[in-house]
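To start, the structure itself, in structure tokens.
Letters are used for the chains, namely A, B, C and D, taken in the order the chains are written, and counting of residues starts over at 1 for each.
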Amino acid sequence: MTDPKPVLRLRDIVKTFPGVRALDGVSFDVRAGEVHALMGENGAGKSTLMKVLGGVLAPNEGQIFIGEDPVVMTSPKQAKAMGVMFIHQELSLADELSVAENIFLGELPLKSFGRVDWDKLYADTDRILETLNVGFDAKTRVGDLSIANQQMVEIGRALTVDPRAVIFDEPTASLTDAEKVVLFNVIADLQARGVGIIYISHRMEEIFKITDRISVLRDGQYSGTLNTAETNEDEVTQLMIGRSLDLSRNASHHQMGNVALEVRGLSCGRLFEDVSFDVRQGEVLGFYGLVGAGRTEIAETIFGLRTPSAGQILLNGQEVQITSPIDAIKLGISLVPEDRKDQGLVLGMNCKDNMSLPQVGRLTKGPFVSQGAEIAIFDKYRDKLDIRTPGWRQAVGNLSGGNQQKIVIGKWLSMQPEVLIVDEPTRGIDVGSKSEIHNLIRDLAAQGFAVIVISSEMPEVLHVSDRIVAMFAGRVMREFTSEEVTEDNLIQAISGIKEQGPAGHAAASHGIGQDKALT
Amino acid sequence: MTSQNRRDLIKQSGIWVFIVVELAFFSIVGNYLSVSDQAFMDFDNMLLLLKQSAPIGIIALGMTIIMINGNIDLSVGATFALAAIVLLDSMTWPFMQNLGNWAIPLAWGFALMTGVVLGAINGLIVWKTGVDAFIVTLGSMLGFRGLVFMYNGEQPTSHLNWTLVDFAEAQFLGLHTATWFLLGTALVLWLVTTRTNHGRNAYAVGNNRDAAVNAGIRVGPHIMWNFMLIGFLAALSAVVFYSESGSVNPNDGMLYELWAITAVVLGGTKLAGGYGSIIGTLGGVIAIQLLRKGLGHIGADTQTVNLVIGLILIAVLVMDRQLNRQGKEELKI
Amino acid sequence: MKMTMTAALACTTAMFGAAAAAQTTTIGITQNNVGVDSYQTTYERAFIAAAEANPDVDVIVLDAGGDVARQLAQMEDLIQQEVDVIIIWPTNGEAVIPAVRRAHNAGIPVVVTNSNIAEPGFDFIRSFSGPDNVTQGSRSAEIMCERFTELGIENEARVVQISGQPGYTTAIERQQGFDERLPEVCPNVTLVETQPGDWNRERSQQVMEAFLIKYDDIDGVYSGDDNMGIGALNAARAAGREGIVFVGATNFAVGYDAMAEGDYWGSIYQSPVDDAEAALQTAIDILNGEDVPFLNYFDTPKITQENMDEFTKPVF
Amino acid sequence: MTIMTKQHVVTFVAKQGILIAFVLFMVGFAIANQRFIAMDNILGVVRSSAIIGVMALGVTFVVIGGNLDLSVGSMMSFSTIVVLDLHDKVGPAMAIPIMFALTLLLGAFIGFLVGYLKLNSLIVTLGMLSAIHGLTLTWSGGQNMDIADKSGTWFSFFGQDRLLGIPVPILVFGLLAVVLSLLLSKTAFGRQVYAVGGNGQAATFSGIPRARIVFLTYLVSSFCVATAGLLQASRSLGSQNTVGQGLELTVLAAVILGGASLLGGSGTVFKTVIGVLILGFIQNGLLLVGLDFYVQYMVTWAIIILAVWLDVAAKRGRLWSPIA
């Protein structure tokens, strides 16, 4: 199946920014009909490389070849014209426009006088949507679609032209398993047509399921290419971070205390219904489910950001009324939110100010905020969490994702909470920082905190949790202890299957198997 | 599809409902309060309404595209005045006077060109420097006004040409010249925003600029075209209006930007960009003119007019927010 | 709000006496910019009061807010409402000519008030009623010159001028009258500089502050109205500069007070009440078929510290 | 290395651009006209900038909080008219607190609409610009307001007197600048204003009462407006209804010149003061050099765009926008 002829070659690409060598002689090639994984920690240079490839940034040195021809990419439009298509991780869609207009954005079919040829547009779009096997039509407003369907629209864009190479940047971040199947089918289909595919992802299991080769970047340098069939996760990790990682199941069994937080029959409109659970001091409770299953919304309700329509929240056995985050904070609840950049941090503020933000009102001496007290807090958690920053004056926007996440965690730990809720603790964070944060969560539990971890990554939930709540469509499907849980029964639970019913999972694995066969 | 239509329908019909309410209110109250024997909803009066909406209306229609684009233009009032000065002054130039009535289209051309050039200056600065359009046009609002004052040393610029006045006052098929220009502009811009590549790109750029860049739309020139368009329309508005009045004070057009923005917002266009419609703006323009006319009709005085217009603007915002609430489940941010 | 009430009252009385209503005539007025200064506000009140006093007259009072476009729209509305006479206080003496012509063509006589329209429009109006702004400017120049002569500095005095809002006929005409007359009566007095004060006391105070820094020797200040003159006076007071002759036009109450205190020398006495009543009377005369003079100036005498006893304090 | 140095130059010029421009202007005008740097003139400029300056201090809070306030000019007219009217009716000692209370009430109303109802501040304050003007005209009946006995009132203290040889308006401006600077940079409230403007959602997630903070920024702004109205009324002891008309944009220009971003989250009181002084000195300098007032418009145009451009350029590290 694999055609050895490269469709895309990068030779010794160098890109410097003032004071930084972001890419330092990167070379690799993508063959026609292969899925080529590009891996590396955040900051390793993947996005810079993709920007160079997409014509957004001009390289200082090096050469790009499409087929046999050397090219100079000057704009995204040119990259598109050369048949290099991008599927961006951060959805780049215009909500108010229709699916068709989004798919053909920038190249709507035209009649005379710049008029849009709607008939052709809708016909072309319908053809693409058919391939994607989705349940919405060309005229739907994109803003009305679910995140996963929006991702499918994004993918649809790559199919508008006859591409020579398609770059997928974290395409599965918000997809359900069933949708992943469709995506992998699309990829297989592209492969079959001889398209070269670059697949960027942090998710090892996907990489090993669908890719042919894996190239790894580290600190802007090319650190090697491996054949997927001949390697394993450990080897890839070593290439990425220069050491191996412990991703084994959590085994610590320390003493657990009293029930810290209990939720009884909590509902919030149609977002989630009749949710009950509890978490003890010293325990990590994992929440696992698909995006949209209501996990984040539960956390937001407990934190006073949403008004529950029914149910009770009890802290240390006492029923409490929480109508705002201010109430929640007073009661000793902390929430590390899902979206670091939009909800967790004020990017323009410095590290110290971000960290002391929730308690800035308490840290006053007379009328003024005591800078000494703030710095003391910052120093304490910088050491405790091993935050790498030049100093507290640094704006958090300049830190890496992992360090930013630690600032958010530090911010909430410094509140000395009784219950800490962490939503997607490692989203968009590289492998090295990931395991540090996992260890941190375990340590917190060991110190007696009651911790709730919400995650979409199964290995993560399995790794850190003492108990796991599986959610599906706004309801708690099942609660597992770490002894009971297996990947299989967890997947069944979050797919809406009450007890042993193999259908859902079987379908999913069958789909993935199919891709593999096509490859 | 259906949900979009329903949402659009509610959003866009709001302004027309408001217009109907205004008409009913002023007709009924006018019966008691107005000194005039004429009914408010008299047909000729409604024709006048359209005509009187034209000066701000033509600008507001252009502002709609600018705002759909996610920008704003505060300099339109000054552009309006400068184009008017060029229109009237150019007809006094020696070579123009020899051309007889042919000077008229030429003078129009000069005025429209002035608008396009001023718009291009704004657009170029927004594009090349990356400074927010609000600030760029806040600056040029002052700068262009400075040019206006400089042009004729703070004096009014006048040139009364009766041929021009007769043309401007003419009624074709019952509609005034200005009305034709207003409706023509609305029709063209409606076609542009709903049917053309440029118009659809305008929504895309305002909705998600990064997406537009990634899709290969040349956002910079696109924005500049739109600024040239609004410059052109501000000048067109001046051409239509000053053909009839024949004299421009250096202060003319002040606050027009605010009225235009008000009309656009009343018409349902989002300030953040990406959503809006030409038809809605047309409704917004008519609603404002109706309000002014109606308050005059029932004999309200200056302070009441100011108070009412200000409060209605805020009331519309409050209503819009209530209509768009997602209910109790909403995240409280 | 008060206006609405008045209008309402006027209407109800009209409705009660249906027979009377048949005979009443309707006069429409579109004013320049009520609320921008007291003169215009007082004018409006006096106009309404005078109209109310006359049972045969209904008035529609509109305000253009200084915007030409709005004034033209109001002219159209008045024509459309078929009023019997239109009185206009032009926002721009030329821009309103076509609208005035339209009223003329519709058979509605037009009276221009306060500030005249330009000459090409004279064919379409029946009368102008108001002050003679050029003469006012000339008279201010004369007051200034006479005072300099009294002080014996008529051969060396230096004068600065603060004019009204750029572009407004009244401002232009007053400046023109002053500029032309001053060299005729006092050829050796220098007019050092003219800057606009926008009819705004605060703006005028800032302009004067800059003048005071710039020129060590200022003997006289002419300002387009007393409101601005008082701004200039405040600036001079704050800077501790004394002995400056302040002359204004349109005597305001503040100007009158300052004259009484001896800080302000003179001005032109112009009553908005006279102005309004003259305009209304002209309109009524036209309706009654009487002959009205084309230029119906009402007198605006000089007022100085010396003769101020002859005048009552302005109400605005 | 060439990139590095060029980068450094851009960054340096951009960061200090306002001060550099300020110094250049001062030097240029001083050469053109010696009087420009006379102590009297400098005090005069600062004094006449004080009213705009005081308003700009308040608007700085609003802008850092991520909103706009276009109603300050109209509101200042209101304060001025109200305090002058009440002066003769209830005496200055009562007039001042009543005027402050009424102005704060207007500020609270705007703060309620923008903060608690989360309405767009541009449109709300645009509407209030018109509405407050109507209110002022209703209050005054459209008449100018003048204090009857101008020489017999201590009310003129704020606008006309001197303390220790310095005009009182300058002292008020200075004192308010210091107090508000401390409020913004040193207190928890100030920090919360930056957080709300920098990232409102993150502020909410951090337990900051966003609505209340926005509400309070408008209270600060209206307090400053009331102070400006007091200075204005006291300075001229009489006023017309339109005294503050158009000042909202001058004030906003000063705040932007000072480097506050319209997106919120950045800016300082000190920089706003510099912005105010630049505008004041440009106006004065051009007048002294004998240029017409409209030249000032064009210079302000150029300087606003240059200042913001440099600021934006420094943040992105390159002079020209990368947009194709």
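The rule is simple: contacts are C-beta pairs under 8 Å (C-beta built on N, C-alpha and C of every residue); 3 or more make two chains touch, one makes a residue touch a chain.
Everything numeric here is computed off the predicted structure, so don't read it as measured data.
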item	value
Most distant chain from chain C by Cα centroid	A
Chain A and chain C, separation of their C-alpha mean positions in angstrom	71
Computed distance of Cα centres, chain D from chain B, in Å	29
Whole-Å gap separating chain B and chain C, where each centre is the average of the chain's CA atoms	33
Between chain A and chain D, centroid-to-centroid distance (C-alpha), Å	44
Interface hub residues of chain B, defined as touching at least two other chains	149, 154, 213, 218, 302-305, 332-333
In chain D, residues with contacts to at least two other chains	133, 137-138, 142, 201, 204-205, 293, 324
Residue numbers of chain C (touch at least two other chains)	1-2, 34-35, 196
All touching chain pairs, where touch follows the definition stated at the start	A-B, A-D, B-C, B-D, C-D
Sites on chain B touched by chain D in the complex	125, 127-132, 134-136, 138-143, 145-150, 154, 213, 218-220, 258, 261-262, 265, 271, 302-314, 317-318, 321, 332-333
Touching residues on chain B, where the partner in the complex is chain C	32-38, 42, 44-45, 48, 51-52, 55-56, 149, 154-156, 158, 160, 165, 168-169, 241-242, 244-252, 255, 289, 292-293, 296-305
List of chain A residues in touch with chain D within their complex	16, 18-19, 75, 303, 305, 324-326, 328-329, 335, 337, 342-349, 353, 357-358, 360-361, 363-364, 367-369, 411
List of chain C residues in touch with chain D within their complex	1-2, 34-38, 40-42, 44-45, 193, 195-196, 200-202, 205-207, 209-210, 213-214, 227, 230-231, 234, 237-239, 252-254, 257, 261, 316
Chain C - residues contacting chain B, complex	1-4, 6-8, 10-11, 14, 26, 34-35, 58-63, 65-70, 72-74, 76-77, 80-83, 91-99, 101-102, 118, 120, 165-168, 172, 196
